[in-house]
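Following are the structures in question.
Look at the two complexes coming up: chain A is in both, with chain B in one and chain C in the other.
Up next, the complex of A and B:
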């Protein structure tokens, strides 16, 4: 079932949680609402569920206005960050809850309930826990039970509020892959909230990046990562180095260094250039378009090595990420003087969606 | 007892202190009553505790105490619900009001209730034309016992309700449950152990209540005479052994009932672990 969100506004007292949000979600899609805490992502999810009412705007389910429909009539499955399982009921009764509270004439007979609950428990691979109580389960198991419980009512829409937020890193990774596979199997329209960009990029078909109650960008994971629309999206989706400089006559000027901005538009004036740690080359000889720096820290992090450098012109720290192999080949040492060569410099011009890329010399309007 | 290593120190000291303390405050005085009543001999004891006037007083005392505690369980839950769930003008005041029955000397409460609920009193006035007499009847005793037991259920349920995660209600609603189903199947089972604790406390307090009841009860033998009053009457007649015999019979019944309530409470809590 498709969901349309039209011009939704929501305030809590004087705090504006959502500012004119519009968003279309196609049937069967898996969408991530991504943003820092307090950006309004959970509020938006709760408005879709009907747990919160918008101050203005409307929510359409399958083209029908559902803004004023009560949560129990919306046919949404909601999965909470802290599971919200009923502690006094067994796992079986938790999953059966949605079937047992149906109006008498729509309530399925006991045999059907039994069959359905066991099918769902098999789906989440926890049938063997049916007679346990929630307090006897691990976090990952509880969240899978919560999901089975939400699916029992055959929801048209599945909404997940930071579903893996309370779990440790390893379980989190397993569960999000499992969720992706489950979605490919069931194809129920799903929206999940997360503040973890890796989770959003890995699981979702489309990512909606929110900040301070506004949508910053909507796009497929590779789109938002490769072509961020705003500085916020760029910074939120990964580590970033900032270089302050000027654009002048088609050149980027950073400190004493002048870099050609091939093919880019000429916006004279001061600018901020954004570079990801893995998009910087470290050279031993000056070359062209380089910035002098001194290695101040070297930290191996599994597959990559993170090197921290101090610019010799005293304008701050730069972080560079190299693969293990590359680092081993070069053999950089602590305290060594080197030259940094940014491979992709991005500028954002007053919240515009223009982007300059050095090297490939492209100009992309997204 | 096995000695186990624990990061919490002082097990033997604290247990020793607890046992000594409980002996001095509870066990020794209570065993003294048992010993004194034993002077009657079994037959004498049995004759005292099963006299018709005494049997009628048991029925009244325990019946009224159970009724009062039940009323408190229902309305105490309601009061706690309102205090936790809603914000309204004067909430703090209402919250403080709940504890007043604890602070007031029970005799004062008894006299006030007797005056107001008598057939010419402010409230009794409205019941009198309907043929309902409150003061000087067992009904009056229930009113007094409800009054003194009010804080227990409110104060035991309140913190549990405050800690209750509203996400559970939202989860129930999203699964299609209506308000009454959510209350019956999700909220009530969570509150039940606390309600039972409050009920047990209110009941125990009501069984032993003397001061407030004697003023409103009218104390008519076989009709509105409570067991604690019979004990005092026997004491006034210097029948110490008879008085302790009644005390012992009350203790045994109360202990049995409290044990049963505790067991029930244990059972409701066990189901979630």
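Up next, the complex of A and C:
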């Protein structure tokens, strides 16, 4: 079932949680609402569910206005951040709850309930836990039971609030792959909230990046990562180095260095350049368009090595990420003086506000 | 004071134990003090009640309890509790529910109002009703015209009891419900449950032990209340005397055997309440310990 969100606004007291949000979600899609805490993503999810009413705007399910439809009649499945399993019921009764509370004439007979609950528990691979109580389960198991319970009522839309937030790193990774596969199997329109960009990029078909109650960008994971629309998106989706400088005559001037720019429009004036740590080369010789720096810290992090450098002109720290192999080849040492060559500089129109930095140019350093 | 046994090297274990403990003298002194206090203020009075009650033998004891005025007092006490407890059960749940699960203006005022019967002297609570419903009171003349008697009659006693015992259930439930939050209720509603179904299947089972605890305390107070009931009762023997009032009358008439005999019934009630309360606390502890 498709969902249309039109011009939704929501305030809590004087705090504006959502400012004019519009978003279309196609049937069968898996969409991530991504943003820092307090950006309004959970509020938006709760408004879609009907747990919260918008102050203005409307929600359409399958083209029909559902803004004033009661939660109970929306046919949504909601998985809460802390699962909200019924603590005094067994896992079986938790999953069966949605079927047992139906009006008498719509309530399935006991045998059907049993069959269905067992099917769902098999789907989440936890049939053997049917007689346990929620407090006897691990976090990952509770999460899957919460999902099975939400699916029991055959929802048209599945909404998940920080579904992996409370789990440890390893379980989280397993579970999000599992969720992706489950979604491919069931094809129910799903929206999940997360503050973890890796999670959003890995699981979702489309990512909606939110900040301070506004949508910053909507796009496929590779789109938002490779072509961030705003500085916020760029910084939120990964580590980033900032270089303050100026643009003039097809050159970027950063400190004492001139970097020749190829392609892209020229915005004369001061600018901030964004460079990801893996988009910087470390050289021993002063090539073209380099910035002098000194290695201040070297930290191996699994498959990559993170190197922290201090610019010799005293304008702050730069972080560079190299693969293990490359690092081993070069053999950089702590305290060594080197030259940084940004491979890719990105700038956003410096004087405009966050909302309308559309005319961003992408420059490739020569 | 508890000490935790760590597998420490032998040479250091004594020193470690000593730093974790108060000196022996202090410990024994405190224990002795507590014991003297308990004996003097709890066990001795308890013993006195029962020895005095039985000082003229079992026959006198039984006679004091089966005397018509005593029986009527017990009936009235049970009646007052039987009305007050269920009503305050419903009020308490309703008040705790709105306070714990909803945000609304005037919430802290409501919490203060619920506590009012605790903070006001019971005698004052009784007086309030006399001033409201008594013959000289605000609503007295109107009630008299319509031939409704509240003060110096059974309804007044029931009203005073309800007022005095009002906070028990609500006070017990509010922190419990607040701690549990409303996610489970929201989950139930998303799954299609109606308000009633959510209440009966999710909210109530989650607070059942706390609720029972509140009811037990409420009942003990309803049966033992003296001050407020004394003011509105009028002390009409066989009509508006509750058990505590009956004890007072007997005592004032120097009929101490009978007074203590009737008092022993109230004491037994207190002991049963204490036992029930301890069992409940133990059950609640078991329940919470099961959770990781």
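Here is the rule we go by: the second predicted complex is superposed on the first by the 349 of 366 C-alpha atoms of A that agree within 3 Å, B and C clash if a C-alpha of one lies under 4 Å from a C-alpha of the other, contacts with A are read in each partner's own complex, and residues count from 1 in each chain.
The definition used in the following text is that a residue touches a chain if its C-beta (ideal position, glycine included) is under 8 Å from a C-beta of that chain, and two chains touch if they have at least 3 such contacts.
Everything numeric in this text was worked out from a predicted model, so none of it was measured.
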item: Combined model on chain A: chain C and chain B, fit or clash; value: clash
item: Contacts of A:178 with chain B and chain C, given as first, second, both or neither; value: neither
item: Which superposed partner A:135 touches (first chain B, second chain C, both, neither); value: both
item: Intersection of the chain A residues that touch chain B with those that touch chain C; value: 49, 51, 71-72, 76-78, 80, 82, 84-88, 97-98, 101-102, 133, 135, 149-150, 152-153
item: Sites on chain A touched by chain B in the complex; value: 49, 51, 70-72, 74, 76-78, 80, 82, 84-88, 97-98, 101-102, 133, 135-136, 149-150, 152-153
item: Residues on chain C engaged by chain A in the complex (per definition of touch); value: 183-184, 186-194, 197, 201-202, 205-206, 290-292
item: Chain B residues within the chain A interface of the complex; value: 165, 167-168, 170-178, 181, 185-186, 189-190, 271-273
item: Partner chain C, residues of chain A touching it in the complex; value: 49, 51, 71-72, 76-78, 80, 82, 84-88, 97-98, 101-102, 133, 135, 149-150, 152-153
